[in-house]
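Order of writing sets the labels: A, B, C and D. Residues in every chain begin at 1.
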Amino acid sequence: MQVRNVWTVRAMVIVAVLFAALMFSPEHDARPTGISSVDSGCSCHSQTPSSEVVASITLANGSALPENYEPGATYALLISFSGGPAEDNNPERVNTGGFNLVASKGTLTPIDNTTQILAGELTHTDAGNDQQAWNANWTAPTSGSAVLRLMTNSVNGDNSASSDDQWNTVSYTVSGAGGEAPTMKANGLTVLFSGILLTAILFAIALTYVFYVRDPESFSWARFKPWITHWLTSTDHKSVGTLYFVSGLFFLGVGGILAMMIRIQLSSPGNDFLTKDEYNSFFTLHGTVMIFLAAMPLINGFANWIVPLQIGAKDLCFPRLNAMSFWLQPVGAILLLSGMFSGMGADVGWTGYQPITSTTDHYGATFWLAGQVLLVASSTLTGINFIVTIATMRAPGMGWMQMPLFTWSILVSVMMLFISIPTFGIGLIEAYLDRTISTTFYNTAAGGDPLLWSHLFWYFGHPEVYVVVVPAFGVISEVIATSARRTIFGYRSMVYALAGIGFVAFIVYGHHMLTSGMSPLLRFVVMLTTMLVAVPTGIKIFNWLKTMHGGSLVYRTHTLWALGFLVTFTLGGISGMFFPAIAMDVHLHETYFVVAHFHYVLVGGTVFGLFAAFYYWYPKITGRMMSERLGILHFLIGFISYNGVFWPMHKLGLLGMTRRHHTYYIRADEYSDIIGTLPPEAAQWNFFITVCAFMFFLSNLIMVYNIIASWLNGRKAPADPWGGWSFEWMVSSPPPTPSFDEIPTLLNANPDHAPGRLTGMLERIMTPDPGDEGEEAGH
Amino acid sequence: MSDDHGYHHGPHDWSHGAPHNSWAPIVISIGSGVFLFFFAKAFTMNEGMNGYIYDSAPLPLAIAGLAIIFAGLISWWKQDFSFDGSYEPQATHGSAPFSNVDIRKVGMWVFLMSEMMIFSSLFSTYIRYRTSIVSCYSLEGTVVEPGTACWLPASYFIAKGGEHANSTLGFMPDALVPGAINTFALIISSYTIVMALKTAKRTDLEHAERSIKVRNYLGATFCLATLFLVMKMVEWFIGFHIGPFEAPSLLSDQFTIHNDAYTYNYGHGAEAGAMTVDIRMAASAFYLTTGTHGVHVFAGIVGLGYMVVKAHKGGYGPGNAVSIEYFGLYWHFVDLAWVAVFPAFYLY
Amino acid sequence: MSAKIMGFDAYNFNFFWLMLLTAVEVGVVAQSENMAWATLVFVLVSIGIVKFLGIAAVFMHLRFSPDSNVLTATALFPVIFIVLLVLMVGLTSPSAVENLPAFCRPGYYGL
Amino acid sequence: MEFGGDIFQDLYIEFMFWSVIVGVITFVWMIHHSFVYRTSDGDLSGKRLHLRTQLDSLRHEMKRAGMDMEFEIEEEEDERAWPNVDNIKVGVFPKENDNLKLELIWTIIPFILICYLCWISWAPTDAIWPSAYELEDAHEVGVTGQQWFWDFDCKGLTSDLCDVGVDSETGLTVLSLKLDETYILNLSSRDVLHAPKIVQYGLTEDAVPGMYTTIVFTPYETGKYFLDCAEYCGDDHAYMTAIIEIHT
């Protein structure tokens, strides 16, 4: 009993320390001007400010702005500019001047019809679009320094926006009565991420305190040191797997919070909860964090824990490389997110299409690239480890065709990852060098080709989405078969389907680029091949269904998640069939239909699969049973709210709601006669989605609570609580270290697993030589 | 094979009391992160948002990152130093078709698979740009707008050399000398490393004598690899003037990734002409591909350094000679990559 | 491992030919001004392939070793993916304004 | 008018039809099986769990004590409630459960369906990338994306065929085109990727810097149509909109 307590304490403290460590902030750089997201001038004219335009703010009587204001007083401002193309006073010119004024404090009020307040900022109206000077009132705040930042456009008046138009900006600081320095206003992103950091630290301290109260003795350095050393240096596959779980769950939370922020922003049209910059960074990092830092570590966690146990190996073949694959991940994560703390997070989309990735002024994009380079290295090492382990360390009697399906799925998945990820790595390094030493791989001026990146990215990216979903297939195969107390139906066709999916992924990647301007011939080829994916996937779904036939299905939490997976994955698979048809893709491309589709596959597929895996292998990993009651609650709320989030997105996408927009246009007011804007009910659907998204997010906290609570107070688990057949159920729960005292031998219930049927030749290659196997595999 | 070799998993097997905890992974990871972070910090985008400004301040920290990586490697090696091959893990009987193959050998080959993909990606980049960007040669005789992007391959600077077209040897331009030496250096080093393997496997020699020979072969490989990198630096940055041989470096020939206004002179006599062209893409592809190869050579040098030290201390014998073979596989692969890189970038 | 090729030690034999071929390669390029472009490429590629095979087969023990077969299969595994990569990424320079080839159109088959 | 244009609508209805069929088959099958073959008992609760746990620790203790002894607990009572048809046992690869005919059926039938769907989505590519002879009387209009606005260029067409203006209500740029004329929108970009998306006609194509791409567009109904940017292009991506006005 004492031993278990120490373990619990150790595990909980590592959670705390990792929370703190992962959120270590390398840089804080609050921006003194933090008054607007618009940093690069007016959106519709040339990119850089021009010194020919001189902007100024004075008082209306002509005198300069006072250095100190009187609290609460109202000042009449004269906003003006001179210089630039607007100077040429040709009467035929239209819309020659405009401005935008933001005040960090106080209130700006228009006093005539030439100015107006838009989104909190003062700007000109249609009527005031030809002027070079405007009047407005500014009411001073009661305290603190105020910054007034003015941007003016000097336009050539040809009524089309072009780079001949010039603009400039100027800022004034008006101090409060005390004349103190301008206050530093932090960026919203900094606030959010510092908030997460702070919460994590407080959480860690609280946890530490709880455990201190429980067992003060465990808090001596003498006991802490070996404990922390163990976690930092361990190469045991189980410890590394646990580390993966901790970091994966943490980043699942971070990605979830980002998603919630995105959903709040989209809950109503024209919302200004987030600035454009923040929104763009959030959806970029939501994608990257969820794929690379949540889904893949969680899969790696299960792979680490379960694969050696399933194939009857004591550990992975290269334990130190395995530890390194893990430790590259948090380091990569810190790099990847480090731009966020200075409000300069990567804002390029998780696909990082060029040339915006090479030219965005958010330097977080450089770190985002660097962080992903480390993740690529990590995945490569993982790939080597698992491929070699599965290829060379299977227990006697376990030919390729006797491997449990989860192991098969991990093999196919790492194989795909391993073959494709160097391509992505090279693309990243090219982009990283573009952003640092100014190579020109994606610089169109030097002949660079943005499509090269798209190709390199999707050559990796498409296998990658299968990489995260294929392990879920493996989990579901195990769960469905075990829950139904049946053998999986069509083991062989399951394996060939997996391998088929893995291979086809490399040919069809171009369907992400059907509208990208790549060679039409290649587009044509991928149109025809993409639909092929449906065949192996269909085989798997029908096999799962057939597995239940004649069985006795026990409804446990993991069974429910597996059935939920079948529902959502089938829907996601069907909606996927709409994209390869080019004539449909040109409408659906980059709409919420795509968003709905890949969330149905990635959340309804991968994440549901991972949930099922959590409930299924939790007793094996911790030696404790999980609470079924909470699990079912989690499933019910999660499944329903999940569908509430993503099902309406199909409709929104069909109506033409485009993704990655921080706002959207409703057919009302001035847009009421424009066909193609969204009908008014789209706003209501978006609000509904947001509400459901919060429910889904919160429902997952139930699982987190369940994991922690069951770990502390759950009932003891037997070695084989569900009745599975593979080796992991043979060892005790939790397994000892090393995992097997002696390597077991797999027996075979099939009297003749002789080659024959469809695949005699493949079979011969894939079964052990008769000489080797003869005595040991014994029937 | 007997069971003695069947079920030992990993060079640091649980049941042999070898260390199974290691600081190396976390240290190397942190080092990589520090390096990439501060390397990126050294460059910021300029205000025009069309280029990057270099700031040397964070660079020492980037180098510190490399030092951390190296410290991690040393801690890794310390654990491996005593490995004498007595429990070289082998694939289990169940794992046909790999039954009884050394696991580390399979691992090395699987690693080489990813290396193949890395170089294939680089070559895809190269082929794509080589086929889509117009060659500067084909623009000869036409009037082009200054700053037009076109492809002026490295081989132009190396083989034709513009006004430096001097050939002391008569049959080979001087500027090709470093590249040619490198090609021979890599092939010879491939040979010396298999000789090291062959020698380490010999049982007809005394251990001390064998160790000296192995060390010498590995040392020769080390020297040739270093020669390779030195020659590459000569070719990139330094240039040379030794006796009758004289060749400018690519840098002084203005073959750089920033050169968007290279004056390309062509033809002789009446056909002579000049144009200002943007050759940044050719330079980028050249430096990235040969640079990636160079990084692989550097990694090989680091590994060879460890092996020379271990061989000097008598660490290699018939029992663990395969370790040399596995490093050799990597080293031959680097050679193979050069076999592809050399014609594509230096000759064509 | 002391495999023999034509009575010579495999390593020595291989090394000798590699050196010779490389010398030929450099020599050919030095003379390339008098040579058709296609000939040059053909010579370089064929020499490159021979060198490639020599290193892989002898120095990397993909021949003459008990585990050669399975390891050769391992080493050749990515080749199909490399071919796909070079075909799809390397050789599809953008040509989007051009139309789809006629043989990809229904009308070509009278449909 | 429905969303997405005529070609999209035709295909969409066809695909929806087959999707619904596949979906209904799958879900009816799944719901049927999960009800018919459910077992209420068999959950590891209470006594049974306790028994197993005890048994495990007993085995463990005996092993530690060096007593090499195998014993099994009689679970007859459970077997009835929890039938183990395939006699699954730990450490034994279970008896294979397959049926080649069935598996072939659900390989081949979906394959045929896929071929059919490929077939019907083949022809419309002619409408998306018409061949040259079909475009002889088409009018070329330049569309250039820049962060974050659209620049339309009528390339010398008469103002009846093509005109650029500003919408008075929304302040957006308006491209006026004529009904039933065929236009080739010649897309390019000055900085990063953009993609004009004419929402109601279901047309999207990326505007890529350094190269030209095209959209073939034949307006068949009058009105003001919304055009937005479908490829992420930076801060004001959402504001990068314009209007295409079709007149007779």
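The working rule: contacts are C-beta pairs under 8 Å (C-beta built on N, C-alpha and C of every residue); 3 or more make two chains touch, one makes a residue touch a chain.
Here the structure is a predicted model, which means the values were calculated and not measured.
*Asks:* Between A-B and A-C, which chain pair is linked by more C-beta pairs in contact?
*Replies:* Here the pair linked by more C-beta pairs in contact is A-B.
*Asks:* Distance-wise, how many Å sit between the C-alpha centres of chain A and chain B, to the nearest whole number?
*Replies:* One centre to the other, that is 34 Å.
*Asks:* Indicate the whole-number Å distance between the mean C-alpha point of chain A and the mean C-alpha point of chain C.
*Replies:* Whole-Å distance between the two chain centres: 40.
*Asks:* Please report how many Å separate the Cα centroid of chain A from that of chain D, as a whole number.
*Replies:* Centre separation, chain A to chain D: 19 Å.
*Asks:* Give the residues of chain A that touch two or more other chains, as numbers and ranges in rising order.
*Replies:* Where chain A meets two or more other chains at a single residue, that happens at 40, 47, 359, 397-398, 419-420, 423, 447-449, 451-452, 455-456, 517, 520, 524, 746.
*Asks:* Provide the list of chain B residues touching at least two other chains, using ranges where the numbers run on.
*Replies:* Counting only residues that touch two or more other chains, chain B contributes 97-98, 101, 106, 110, 113, 117, 120-121, 124-125, 128, 132.
*Asks:* Give the residues of chain C touching no fewer than two other chains, as numbers and ranges.
*Replies:* Residues 78, 81, 85, 89, 92-94, 96, 99-100, 104.
*Asks:* Just spell out which pairs of chains touch, all of them.
*Replies:* A-B, A-C, A-D, B-C, C-D
*Asks:* Which residues of chain B touch chain C in the complex?
*Replies:* 97-98, 101-102, 105-106, 109-110, 112-113, 116-117, 120-121, 123-128, 131-132, 159, 171-173, 176, 180, 183-184, 187-188, 190-191, 194-195, 197-198, 201, 325, 328-329, 332-333, 335-336, 339-340, 343, 347-348
*Asks:* Considering the complex alone, what residue numbers of chain C touch chain B?
*Replies:* 1-2, 11, 15, 18-19, 22, 25-27, 29-32, 40-41, 44-45, 48, 51-52, 55-56, 59-61, 67, 70-71, 73-75, 77-78, 81-82, 85-86, 89-94
*Asks:* Would you mind writing out the residues of chain D in touch with chain A in their complex?
*Replies:* Spelled out, the residues of chain D in touch with chain A are 1, 3-5, 7-8, 11-12, 15, 19, 22-23, 26-27, 29-30, 33-34, 37-39, 42-44, 49, 52-53, 55-56, 60, 82-100, 102-103, 106-107, 110-111, 114, 117-118, 120-122, 124-125, 127-129, 146-149, 151-152, 164-166, 168-171, 173, 190-193, 195, 197-200, 202-206, 208-211, 213, 223-239, 241, 243.
*Asks:* Please give the residue numbers of chain B that touch chain A in the complex, ascending.
*Replies:* Residues in contact with chain A: 7, 9-10, 12, 14-15, 20-26, 28-30, 32-33, 36-37, 39-40, 42-45, 47-52, 76, 89-99, 101, 103, 106-107, 110-111, 113-115, 117-118, 120-122, 124-125, 128-129, 132-133, 149-151, 257-258, 260, 278, 280-281, 284-285, 287-288, 292.
*Asks:* Considering the complex alone, what residue numbers of chain C touch chain A?
*Replies:* 78, 81, 84-85, 88-89, 92-96, 98-101, 104
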